[in-house]
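Got some structures for you, see below.
What follows is a pair of complexes built around chain A, which joins chain B in one and chain C in the other.
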Partner chain A sequence: MPNARTSIWTWAFGLALLAGLLVLPQVLSFSQREIAVLLVINVLLVVSYRLMTLTGEWSLGHVVLMGVGAYASALFSKRLGVPVPVSMLLGAVTAGVAAAALSFPLFRMKGFYFLIGSFAAGEVIRLIWKYFTFPFGGPKGLKLIPGFPDIGPISFFEPEIYYYLCLVVVAISVFILYRIERSRIGLTFHAIHWQDKLAESVGVDTFRYRMLAFVLASFFAGLAGSLYAHYIGTVNPTRFDVEEMVYVLIWAIVGGTATFYGPIVGVVVLTIINDVILRSLGLDEARPMFYGAILIASVLFLPDGLESLVPKFKRMFGSAKSTPDREVAEAREAS
Partner chain B sequence: MTELILQTIVNAVYAASYMSLIAVGLVLIFGVMGVINFAHGELYMAGAYTVVALYSLFDWPFFVSVAAGLVFVGVLGLVMEYALFRPLRDNPLGGLIASIGFLLILQTTAVLGFGVRMAFIKPPTQAKIEMFDGVVLTHQRLFVIVAAVVLLTVLYFFLRKTRFGWAMRACAQDKEAAALQGISLNQVSRIAMFIGAALAGVAGALTAPLVSPTPYMGHSVIVTAFIIIIVGGIGQLEGAVAAAILYAFVHTFVTTFYDGVVADIVGLVLMLLVLVIKPTGLFGAKDRA
Partner chain C sequence: MTRPILEVRDLSRHFGGLIAVNHLSFAVQPGSIHGLIGPNGAGKTTTFNVISGFYAPTHGQVIYQGRDVSGTKTARLAAVGLVRTFQGTTLFKEFPVIDNVRIGCHASARSSFMSRILGTDRAVEAAATRKAEELLDFFGLGDLRDEKASNLPHGHQRALGMAVALAADPRIILLDEPFTGMNPEETARMMALVRDVRDRGITVMLVEHDMQAIMGLCDTITVMNFGSLLTEGTPQEVRTNPQVIEAYLGSPAHAA
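On to the complex of A and B.
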């Protein structure tokens, strides 16, 4: 539950981070600036993912919805000639609309079934990109996506400048997400997570709120996707596969999802370790192994972010009719 | 046309065989330990690479390599049980995450040891059975079918007729009650994990000459396995076999007559429909005691 103290700490943390981020490109090498751009985009991705998890549902389709934003924005600007800033917003809206449509089948499920269902839905979308060469470009994806237009002498082709653009967009988005979490809506998400029956009994339409969380999270994931598409200039189905989703999951869980800043800490720390330290050590091929070890170690020894999940996951299994854990979970709850 | 259909049926039977080996292992692990083993596809991959290493590089006899693959992957399963799933027993999401970590480690090990490119293995035998109308079943595929039938039959009788099997099913139904009856959860988990992993290992080892292993082959396998266990009903061994057969036939026929990607889409949509309409699975019991 939010309280004044965590609020102050979160603000202090956010401001310090922002100040550091503003001077960052000046001290980085060219390739590190590229990493910094992607890192800022990933921050938005993981923070929007956290909004989704507030309602207690863990989606495996978040990266695919980022891809929906990326594909939509790329198609709007490339095929229809929509100006890039507008198409970015349209991309985000498309991701939100896609999430709204998906919530009708998906929110008939809960817990573990939702996890698998969101994964299946995401894979279907990804395979559709792969199958239809028009308009999605098939397995090779879309190339030559127009970049962000120059404003006077400022060229967004430079990673340094694009970094500031991303920073502004992401900072505003993260602020909005933060306000949403602290608003009445965010509290309702918490209520649905911890006491969905009780929330329902006092008149909360849990389906509506789950859908709202999903749509909002997907909107911002789509925005992250469009920032990505117009920076890299190419998108393909493989970029948004379940492996990328696993990385988002790792960032969120290693960072801890009990707090707003947890996932941000996770993505920043892991990206620095992975892309700066390990890369400078020359351990390129072994990097996933390092990730795996970090993941196992954090689950085994650092259950801080995870401890809140245990009762939730128990309830997930409680809601599933055919699972053997049900009686055990119920017995524990009763005792 | 008839021969194409007959050939496709033969291919589907082969696909059903190795898919049910993998899915039954996954279901067994889930049923007894309550965790979804995301690394199951990589256990399959580890089985395939055992054959690459022993048979292709060290010239061991093929079936000795397969047996070694069975034991090796089974031991990997024991390691997972001891190091990951036992400490995380009361934390199913933790087990899932830890298995993703293990997946990355196995994958990277394969990349570092064998490179990212496909490993080509000369099949131990080129012999094949010519059935009527030129329908062909290679011996290599026959091995997989025979292995699946034999192993799954043995597993069935093991679970139904032996004390270990009863203990395992008791754990799957109610862990606490089973523990109160003096059944060792650790022991049962160990056995389930060994069998589940070994089945995936055998599937990988036997299909290695047919599929050209890559370190990333586990990905499509785990997706298929998920579809099968959802369609069959989570925790249902017989359901998993039935769903594997159903899925293999649908997938093989759509692949042959339309397109591989369409077949994948059909499979996923099938799973989504089952999730929406009957989440306990097509073959799932209405209520488990």
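On to the complex of A and C.
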């Protein structure tokens, strides 16, 4: 049971975070606002990826499924004239349906084989986009994707306004993902990760749960893709290639995947270092090298990710006498 | 005689050219403790794995409560009340003890997807937690509720494994070598627990090497050798059967 003091701190932290997120665009330059929009979208991408990893399967197709959402939403709105808010939802649903279909071949495999299988499946989808000029636009992809419609005087063309839209969508999605993880569904995902045979022996249909994790993760990745497509206005197969997937992996690994917030910390910290600090030094071309170096450094010096620093900070700055109760709670959170 | 709860009819299982189980038939009476024994390599574990849905039979049938369930997946069998345990300490070792048993409550804690997100599954989950706690008390693990499962001593881990299985509301529970690696004291405790489980109205079938335990516990014993049925009977009958003694110890001619 959290004591009154901890819960006050949690609330204070939450409110400060919310205020910070709301004020953020006001203190940023124009180009930094663009980065902020992409960062919020990437938060959803990496948090949804974590849901997938709960079952113990690491996919290399997550960014491609984000792309499925982006392409589908773009096509629904551009070719069929579906209103953009609806097409975004349809994009997410399409990514979920694609994941459901891919589950049948992919979940015949586990571990390393699943990893390679998911990579191959992703490449097949990317080749389909490349090969079929109609409707996917071939290697050049789709251009002139309609933007989010104006609501009265509010124009979503402005990065600042689009940032708030993304913030709302991503906050709701992240909350849903958090609730899923904290419920029996999340517990069952963990159980399948640690002992799938034992889970089966008490009646858990492991295939259905693996599929559920994959479909949910892909749905929210697809939603992130839709947000991306209608912001940038163009999508192409290269945007969703394996290099992008490697960035997602690095965000997750550097942040740590044991806690819900680990991957969020990873994507935020790495984006700030890369897109704000390195860019201001004119070194943003060095992104792959920088990410490689960060990955190696974090595996060597911080194998449990940035998230492992959080309890340390809490002990340093929080109440000096951390009760055994809290340590147990933290340990549980970490497992 | 009443209808058997579990029946194996003319069951065979081949692995390539190897015949692990060869035309085996036996029946388990409801409310009994039924032992399946035999020397190493007799096909006990394969039989067990076929019954629990891990392998499909090559030939023959597994009948559970009058229905042919041959080749049915383990999870489906668990849902209808045929639950197995595992050799050794197969647990969710990273989880607290209580969460191990809560996973076991999978079937009885069903709730819709939306209710999980909205938190309206609270009543169902509270019931599952109560049930898990009751089972932990039953197995004498109540005080270890929040301990990580891997920190438990061996005997307690085995008891927890049974608690997880019991949480799935079995009508028949299949125990895979429940006494392996236990000292005499732990074995005695486990025997008492198995009887307690039976007294809850759950049929018990077990595969075991420990002769002492199985003779003291079982109502009926099926003895296998080289994949086939050797004999079946009460512990007394099995103990004095010359074929069984020969299978285990070799014939007097060999011994000489």
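Note that in this section the second predicted complex is superposed on the first by the 287 of 335 C-alpha atoms of A that agree within 3 Å, B and C clash if a C-alpha of one lies under 4 Å from a C-alpha of the other, contacts with A are read in each partner's own complex, and residues count from 1 in each chain.
Note that a contact is a pair of C-beta atoms (placed from the backbone, for glycine too) under 8 Å apart; a residue touches a chain by one contact, two chains touch by 3 or more.
Note that this is a predicted model, so its numbers are computed, not measured.
Once chain A of one complex is fitted onto chain A of the other, the partner contacts of A:280 are absent, as it touches neither chain B nor chain C.
Of the two partner chains, chain C is the only one that A:176 touches; chain B does not reach it.
Looking at the shared chain after the overlay, A:120 reaches chain B, while chain C stays out of its contact range. Between chain B and chain C, more residues of chain A are touched by B. Of the two partner chains placed by the overlay, only chain C lies in contact with A:195; chain B stays clear of it.
Touch criterion not met for A:26: it reaches neither chain B nor chain C.
On chain A, the surface patch touched by chain B in one complex and by chain C in the other comprises residues 328. Only residues 58, 105, 108-109, 112-113, 116-117, 119-121, 123-124, 127-128, 130-131, 241-243, 246, 249-250, 253, 285-289, 291-296, 299-300, 303, 306, 309-310, 313, 317, 320-325, 327-328, 331 of chain A touch chain B when the two sit together in their complex.
Per the touch definition, chain A reaches chain C in the complex via residues 176, 179-180, 183-185, 187-188, 190-191, 194-195, 197-206, 328, 332, 335.
Taken together, the chain B residues at the contact with chain A in this complex read 31, 34, 36, 83-84, 87-88, 90-94, 97-98, 100-105, 107-109, 111-112, 172-176, 219, 223, 226-227, 230, 233-236, 259, 261-262, 264-265, 268-269, 271-272, 275-276, 279-281, 284-285, 287-288. Across the interface of their complex, chain A is touched by residues 52, 73-75, 78-79, 83-86, 90-96, 99, 102-104, 106-107, 109, 111, 113, 116-119, 121, 125, 128, 146, 148, 164-165, 167-168 of chain C.
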